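Each of the next two complexes has chain A plus one more chain, namely chain B in the first and chain C in the second.
After this line comes the complex of A and B, so read on.
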């Protein structure tokens, strides 16, 4: 299967795109531009073939935040032009504008980063940061966390089963399950702490701290788009700045 | 022969512990020798391995007396990072010996070489070779977290020998393996010996030790109570005192001797029994 062109871009190219959107949204005044960004992101998601996951995460993660922020701003932002009033609550024109501005920006910035992580494998992203000079220790922390979470879930299940065989009730009403939580959680946390020592020794036995420059089987390649796109971003941003402040 | 590992009056106590785990241990091991450490649980075998690997005192603090010299250099003068290439250490517990950052066995085995800065082309060749040697080629695309105990044990061994260290410290490498798997591991260890590696092995399977190892170190409650060529140690009546298992054939022979059968020597390998009983003409069935 031929890999998608957008997915094949260097992780940093995609990351710079997210930063580019972030800055552009903050430079351009008004909410129309920021809201216009979202359909563009959806289009990119469609082209990259990640539409479904992208939209579902945006809905789950952003929608409630947006609604709450919008309502809060609409009612409580100070302003004189009252549009609607009921008791102590009033909606002002300023509040409405500011609420839209804020939500449009949150939507654009939040969505672009969600899109970034949908389109980029974390290990690729970490590798690209490592190439840029992130110490291997930091890269290890990020990558191992990703692998260890499912491992800990497995361990939690094992502990749960073990407690069950010892007669701890783990099923039933909410209260019963909450009670079972403590005998499960304590061994899980303690064993995780204990295993960090073993992990450190494992890494050491693989020469993790060897005083040489590491090599890597995992290599990232840059194509011409990866060289051109960052320049395009910068040019557009400079253009936006000039337009905003000098014209 | 050059001395590869040399311990002089080594005693060690873990932090916040009152008792010494290692008590006044002295021995030296020549380059290219295969030595087995035996002893009952809690006798200090693993701590001794940690000392040879340099985790004591570089990782575990606590009180270390005496001198540990690896390849003519004092342990205190090494940095922990430098020892990775010199001493390979395969631990007892195969479930923790996973780097946790690699998605498949091939990359897992390659991890040590990446850390040593070996060029990518060479890494690929060396990993291929080791996967074949340890017979885990079929696992290459599996996630290391999803392997069985025995499979993990092989991956752990492969991950260390791929780094090609001069000294191999192997702590119970076959605890999770069936008899065939165990034989295969011992074959690999023998191959390492043929390549001139100095090998230290902790193991409870005496039959295999009798067959493969050169020297035997017997640990008892933190002390090194016996040492010498495998045959001499097993034949020494003192060995019985420490309640460590004999090779099966030796046990039988000693029983026979007690019952009055004359033996020309104490056999330690199965095929020697007939000869010890002076019946060389008798066919032996395995």
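After this line comes the complex of A and C, so read on.
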């Protein structure tokens, strides 16, 4: 099966793209550019074949934040040019502009990072950082964290069921529910830290902390696009900076 | 006892980080399931600070927020808050603040101040004052009653954080009390909480 070109890019190329958008959005004044970034990101998501997950996470994560940020600025940002007034609430032109600016930036920056993680396996990203000089221990910590989280969620549910069987109440008044928290969390933490010793022994038995160069089964390749694109980003950013501050 | 910066990052401490991050996330999820009005999403970070020191906790806080940011980028700027909480908890532990309940509560209040001082400017500068959680409603109420933006955000953050952090440090205190000497002896700051030979 032929892999998608965009998905095949080196993780760092995609990461630099996110940073590029972040800086570009902060350089260019006004909200029109930042709002224009979003359709471009959607287009990239369609080309990469991740549209559905991308849009659903944008909706879930960003929509409520954007609405609330916008409403807050519209009503409470100080300004003189009043557009609409009812009682203590008033909408000013300045508030409207600032609300649009802020929401456009949050949308563009938030969406580009969501897109990055939909297009990149965390494993590949961490490997690329390791190639750049992240210590192998750091890479191991990040990856094993991702593995441990679902495992501990399951374990937390098991412990809670077990405690319910013993008679710990999880329904009722606030105080009763709060009391169920500690009997669930304590066994979870104590059993998890007991397992770190086994992990340490396993890692050490493979000479993990030996001061030698590590070999990896997982390799990343760079193609010509991965060499050209970062240069393109830098050129565009320098162009934007010159345009913003010197013209 | 003089301690080298690098000594903090031994293997047992590093292996504690994934656990801490998972405890942060699971704590938050449990608080949701039990419909508690507080987040309890920094228990892991504080725990690492207490037994493994400030720098390991800084890393745990950072990784927690990076992993949360994979699904919700709003968490990304607040990585600074998590890191500051971790460092704060670690330093407090170094000076023996987690040995007895009264001092633990004091350290909870100190950590609240750290959290507020770091997170309120992020809320104002990055999100203009509200991010859509419970404290946004309080902020809006303060603003509508005529307060300035900065003081409104500071006070609403303080109100939502104080209960959360004090309960979190108490939970950490009880969990550390239950840890075995055998495990604590392997952690950098564990000797402070061992039940035997508590002299060093």
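By definition in this document, the second predicted complex is superposed on the first by the 217 of 247 C-alpha atoms of A that agree within 3 Å, B and C clash if a C-alpha of one lies under 4 Å from a C-alpha of the other, contacts with A are read in each partner's own complex, and residues count from 1 in each chain.
As a working rule, a contact is a pair of C-beta atoms (placed from the backbone, for glycine too) under 8 Å apart; a residue touches a chain by one contact, two chains touch by 3 or more.
Quick caveat, the model's predicted, so the values are computed rather than measured.
Colleague: Is A:217 touching anything from chain B or chain C once the two structures are fitted on A? First, second, both or neither.
Modeller: Only chain B; A:217 stays clear of chain C.
Colleague: Counting only touches as set out at the top, which of chain B and chain C does A:202 meet: first, second, both, neither?
Modeller: A:202: touches chain B, not chain C.
Colleague: For A:144, using the defined touch cut-off, is the partner it touches chain B, chain C, both, or neither? Pick first, second, both or neither.
Modeller: In the superposition, A:144 contacts both chain B and chain C.
Colleague: A:68 in the overlay: touching chain B, chain C, both, or neither? Say first, second, both or neither.
Modeller: Touch partner of A:68: chain C, not chain B.
Colleague: Have a look at where A:32 lands relative to chain B and chain C in the superposition and call it first, second, both or neither.
Modeller: After superposing on A, A:32 lies clear of both chain B and chain C.
Colleague: Going by the contact rule stated at the top, is it chain B or chain C that touches a larger number of residues on chain A?
Modeller: C
Colleague: Is A:153 touching anything from chain B or chain C once the two structures are fitted on A? First, second, both or neither.
Modeller: Second partner only, chain C.
Colleague: Just to be sure I read the superposition right, which of the two partners does A:236 touch: chain B = first, chain C = second, or both, or neither?
Modeller: neither
Colleague: Taking the contacts chain A makes with chain B in one complex and with chain C in the other, which residues are shared?
Modeller: Correct list for chain A: 140, 144, 147-148, 151, 199-200, 203-204, 208-209.
Colleague: Quick check on the complex: what are the chain A residues that touch chain B?
Modeller: Answer in residue numbers: 123, 140, 143-144, 147-148, 150-151, 195, 198-219.
Colleague: Name, in rising order, each residue of chain A that touches chain C in their complex.
Modeller: 57, 60-62, 64-65, 67-69, 72-73, 75-77, 88-89, 98-99, 102, 106, 109-110, 113-114, 117, 122, 137, 140-142, 144-149, 151-153, 156, 160, 170, 174, 177-178, 180-182, 184-186, 188-190, 192-194, 196-197, 199-200, 203-204, 208-209
Colleague: Which residues of chain B touch chain A once you look at their complex with the stated criterion?
Modeller: Touch residues, chain B against chain A: 53, 55, 59, 79-82, 84-85, 88-91, 93, 96-101, 103, 107, 110-120, 123-124, 145, 159-160, 163.
Colleague: Taking the complex as given, what residues does chain C use to touch chain A?
Modeller: Residues of chain C touching chain A: 9, 11-12, 14-19, 21-23, 25-27, 29-31, 33-37, 40, 43, 47, 59, 63, 66-67, 69-74, 76, 126-132, 136, 139-140, 143-144, 149, 171, 174-175, 178-179, 183.
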